[in-house]
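Shared chain: subunit A. Partners: subunit B in the first complex, subunit C in the second.
This part shows the complex of A and B:
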């Protein structure tokens, strides 16, 4: 992205991604940053903050600590808090100033672990990358530390899945993850674990017991690759948005399960050059799954995904693009007949009443502002949502 | 550890056993979801026809962008994102100049003033900000630029809040002083018209200016005509001192207080400075006493909890309420100010069992709202954090003193306590709104 933005908002950063990923797991997560900087996370990036306590704190970094570069206070404060709260694990994530002064998070984590006996993860975020990178870093660190070889289980004949890359930043708390789990169960799968919503640390640690891993956002890809390398588990990318989408999705998922070859729901569902031009702005897997759901219906052919995360575009289809700057965004929006994006992108809407702008709020972009409007899109929910916006066009 | 087994040791202390000014050990910090106090974005937006440009890393930008979005002010807000490459190449000055220039050049209607906010990283890297602002002023001579700061790492030198309250007035330029004009400075919300430090000068022919009441940039610039700047919160003192030094406006600090004697002293200082006729406070004191007596009948023995975001003098308020027979059951405050000292000593002697509660202690968030409340164990909170931690719908939604001051402030606060006792509020909805009152 061009660094100067006249109109664009800002996506959640890596350090918040770490906190979001670890929120429900009973750990003590520390952002190494100045006092007050935690309010960004707990106000705009964490919808669970009010109702569901979690041990997420700020280190309250001061000028003097940064100048002298000593980590003693950081270590002492974390050790003291861990002694009082007895978390399952400790995670420390960085911000711009620790990066500038070269804080060695692995070393700090090692000292803390030595002093507390509690598994400690040092995560060298720096507040300059997007949340997907932070989630990915946190989930991989958790897996490396806690996942164990499968424990023999008795009973179920149903294949089980791990859902990878699920956080409120992409799925909010409006019911998408619950609906997603239900969709898997209705299609004959057991949920072995969900990384990381509605599962506890023990369930995550047992990830190797699953027959297949499902990547629901780009933040889950590195973990899927690690689990594949470690346990040979194949992975499948995508989300079953829409009724027709879900049918195709579970068909393709079954093929991956049978063949053991990794797969992707939306690759190969090609866009056409004719028809209304549709622009979808969002995270690669989410937006591409919306695109697939539309392409599988009649009348929608010319669809392009624009992904605002230049570092997390490997899961985009070849026809889709990484957004570079406001100028490019303006051009893309100028050409589109239909735009599906977070409402904050409405500011780029062309002066054309015929253009349909479909509000698809994204917690990692507009935070809590439009949370009540975040739709559930799993299976037939998507079709209901679509009917709603076709009605108002 | 199960939350139900967690003790409050370290997060709660009786005032008789507390140290001044730091009753609690410092360490990792929690942040409660009570968001009423204004931040540097809200305060900067008080300058009419201005545009804010924040130059920061993504993690720092996120909170301020969405502050602007939530207050419906994104059209007055832009960003320049610092990336690793800028840190490695050290091109911070060029990045600010180019980024800010690009943003301004893209605007259809250019603002009268641009507030450029730099962040901690610029200062650690010794970015030459003089060069930056000088260049921008040369490039855009029709725009007033000022330096603003999002530098929480430096909070012990000067808090970002106090720094912002100073910089809000930094665009004022020398103008002929008019002896019949005064300003009340530093507050986010305008003072109530009846507040004595506002009403007395007004009744005696003074024009009283306040930034929060400026609607166009010219009105803002006219604040430089005032002979006196009156501040009443500690965070506004640097602004008053700076204006005195730069513009020759005299500064008078009349601290917010709940102590009748101190209020009287402040009013006497005001009378002396502005040559006002002596104000007889007896009637106001009688009214304040009456208002507190009426409030006492409604509030009765209901436990009252106060927090530091409601007022800069939480201990002073606690003392005043205790002296009037109210049941003050706790004060939420992490650090005490010099202004609290006299009240701290009094409370240590006269109410040694009064609990102080930390709001940022790691246990604070886990202990909060453990008890569901019902009408049988009603508590009254004064302030949003107190309302959150005590889980009560009965609270006075007071942020930054709420525009209250002096005897009139006490009279109004007493009325608001009655209102809060009688009417449940939607605590969850209200306290999560950032910058309470900033959108009218």
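This part shows the complex of A and C:
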């Protein structure tokens, strides 16, 4: 029973990751599912739904379609819709039923593209992997399809960056991505593109023009590796959280830029075994950047990241942990003096008033419930947030 | 008398549909109301009971009409009053045939087929092996009570029969159908009867009937009829009649 979650909720799935990544790019995104994925996505996973239109649809797969394969109907419906809406591209993402009956998404995409002349991406998500893999799959498919070799540009001598792996699922819409872009600009970088918030498809297509790629969540890593293989662009992992953090961050980023060697903000900023024990639960890059921001301040030494995504741990430091089950989490939380995590993890708080629990809501976990409390952490915003901690218990 | 519900399994092409259709006529000759349900996307189980004319399958009806069709659209009366139903299913290589069988049998029950027609014998003719849950549907509670497996002495047929017997065995704790026995549809291979007898022993079952290989079957098919219709006086027709009697005896034993 170790694998059973009695108290924990689940993170958003790969299908929502695809939709979230493609939301702002003018494409037609179709979830191939009965309807469940649709309501989960628009009610819980997509904060932009009410303010900003996007062509996200559901195929409304019925039992009889599953029995007969339903590919013809899916193709017909998408072709008809695409002819009316004229999207820049079409993306089809799968769910559990198509996985079980073996729907061939790339073949279906090929047929649709032939009939409409619109670039079509077949994304074989199945609703059983985490959102990060969905984002990653969508971003890579976009890049393979749209990125072109650099066109000579005249103008600025400032280095430019692509930000990779930015979606509201990890950064919400409370201002983090805007503050992040500003931080880059005030440190002498131009934003070439941001994958995929606040940039349009043409900016993304021009990603090869950047001098460096910045991976801000594990969902951006595969894309960074692809861009490196294609254009030789080095990448740097991490987010400039905290004032001291940002200083170290931009210092290390510059090194990557000059050396051309890939780098990471937080590896090498080691945790000590003494001092208050801090546990940070979250996505690998994000939580590790919080850890680094703290370690770079005085008085914080013993910090561990617990990452709930066993599939997305390649960016974790060696001392950090990929969470396997609730039992393991319970043990980790018992030992911690300070826990920084989504408020839904409060259920595991030990009955010890001395433990400080810092609410760090994560859109991909608790959705809109605590959105108003989602802090901006870029540069000194982090330090302001931190000042509030001692007030909370 | 309780309805006798029988599912016929066996390796692909071994002669299930031929055997079931001829058995259906043999039961009907005894004055029993028979319903034959083809559980195979090919929808060819009952074809020689209605002069080779295709009938609308349950899944085609659902696909084209939703729920807007009547019970008698799914059930066609064939030779000697045998009630013919074809579950239907996707074209090969697409969709999920197993789920299709489940949906078709559910629809049949939902529309009251069993209560309206009150068949005394129901025969389920099930495709090939039990590859997934859908193909085990006919043996679930509420459908067949008895399973008979058609086999010859060919190794592949014996192997398939052993697999099916294992599946039936595994489902015993769920109260699914019981194994009634083996039907030998002869192909005249070496040591044929001996091999099937060995199989029967291995799976703790018995042989309930032996059907010779008969060229009359193909001749009947040329006339788009079952052998029972085309050559009712033939020895082969008597073999089917005898088999029908043995099957009834097994089912009534308990």
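In this section, the second predicted complex is superposed on the first by the 384 of 393 C-alpha atoms of A that agree within 3 Å, B and C clash if a C-alpha of one lies under 4 Å from a C-alpha of the other, contacts with A are read in each partner's own complex, and residues count from 1 in each chain.
In this text, a contact is a pair of C-beta atoms (placed from the backbone, for glycine too) under 8 Å apart; a residue touches a chain by one contact, two chains touch by 3 or more.
Bear in mind the structure is a predicted one, so any value in this text is a computation, not a measurement.
Contact with subunit B, but none with subunit C, is seen for A:85 once the two complexes are overlaid on the shared chain. Shared-chain residue A:369: touches subunit B; no touch with subunit C.
After overlaying the two complexes on the shared chain, residue contacts for A:279 are found with neither subunit B nor subunit C. Contacts of A:378 after superposition: neither subunit B nor subunit C is touched.
Counting residues of subunit A touched by each partner, subunit B versus subunit C, the larger count belongs to B. Of the two partner chains, subunit B is the only one touched by A:30; subunit C is not. By the touch criterion stated above, A:70 is placed in contact with subunit C alone, subunit B being left untouched.
In the superposed model, A:264 makes contact with neither subunit B nor subunit C.
Contacts of subunit A with subunit B, set against its contacts with subunit C after fitting on chain A, overlap at residues 63-64, 66, 100-101.
Within the complex formed with subunit A, the residues of subunit C that make contact are 59, 62-63, 89-91, 94-97, 99-100, 103.
Touching subunit C in their complex are the following residues of subunit A: 63-71, 100-101. Residue ranges on subunit A touching subunit B, taken from their complex, read 1, 3-16, 30, 33-40, 42-45, 49-50, 53, 55, 57-64, 66, 77-78, 80-81, 84-86, 95-97, 99-101, 126-130, 344, 347, 366-367, 369. The part of subunit B that touches subunit A in the complex is made up of residues 1, 3, 6, 10, 26-31, 33, 35, 57-63, 65-66, 69-70, 74, 78-84, 86-87, 95, 98-100, 102-103, 106-107, 119-121, 124-125, 152-157, 160, 360, 362-363, 365-366, 368, 428, 432, 434.
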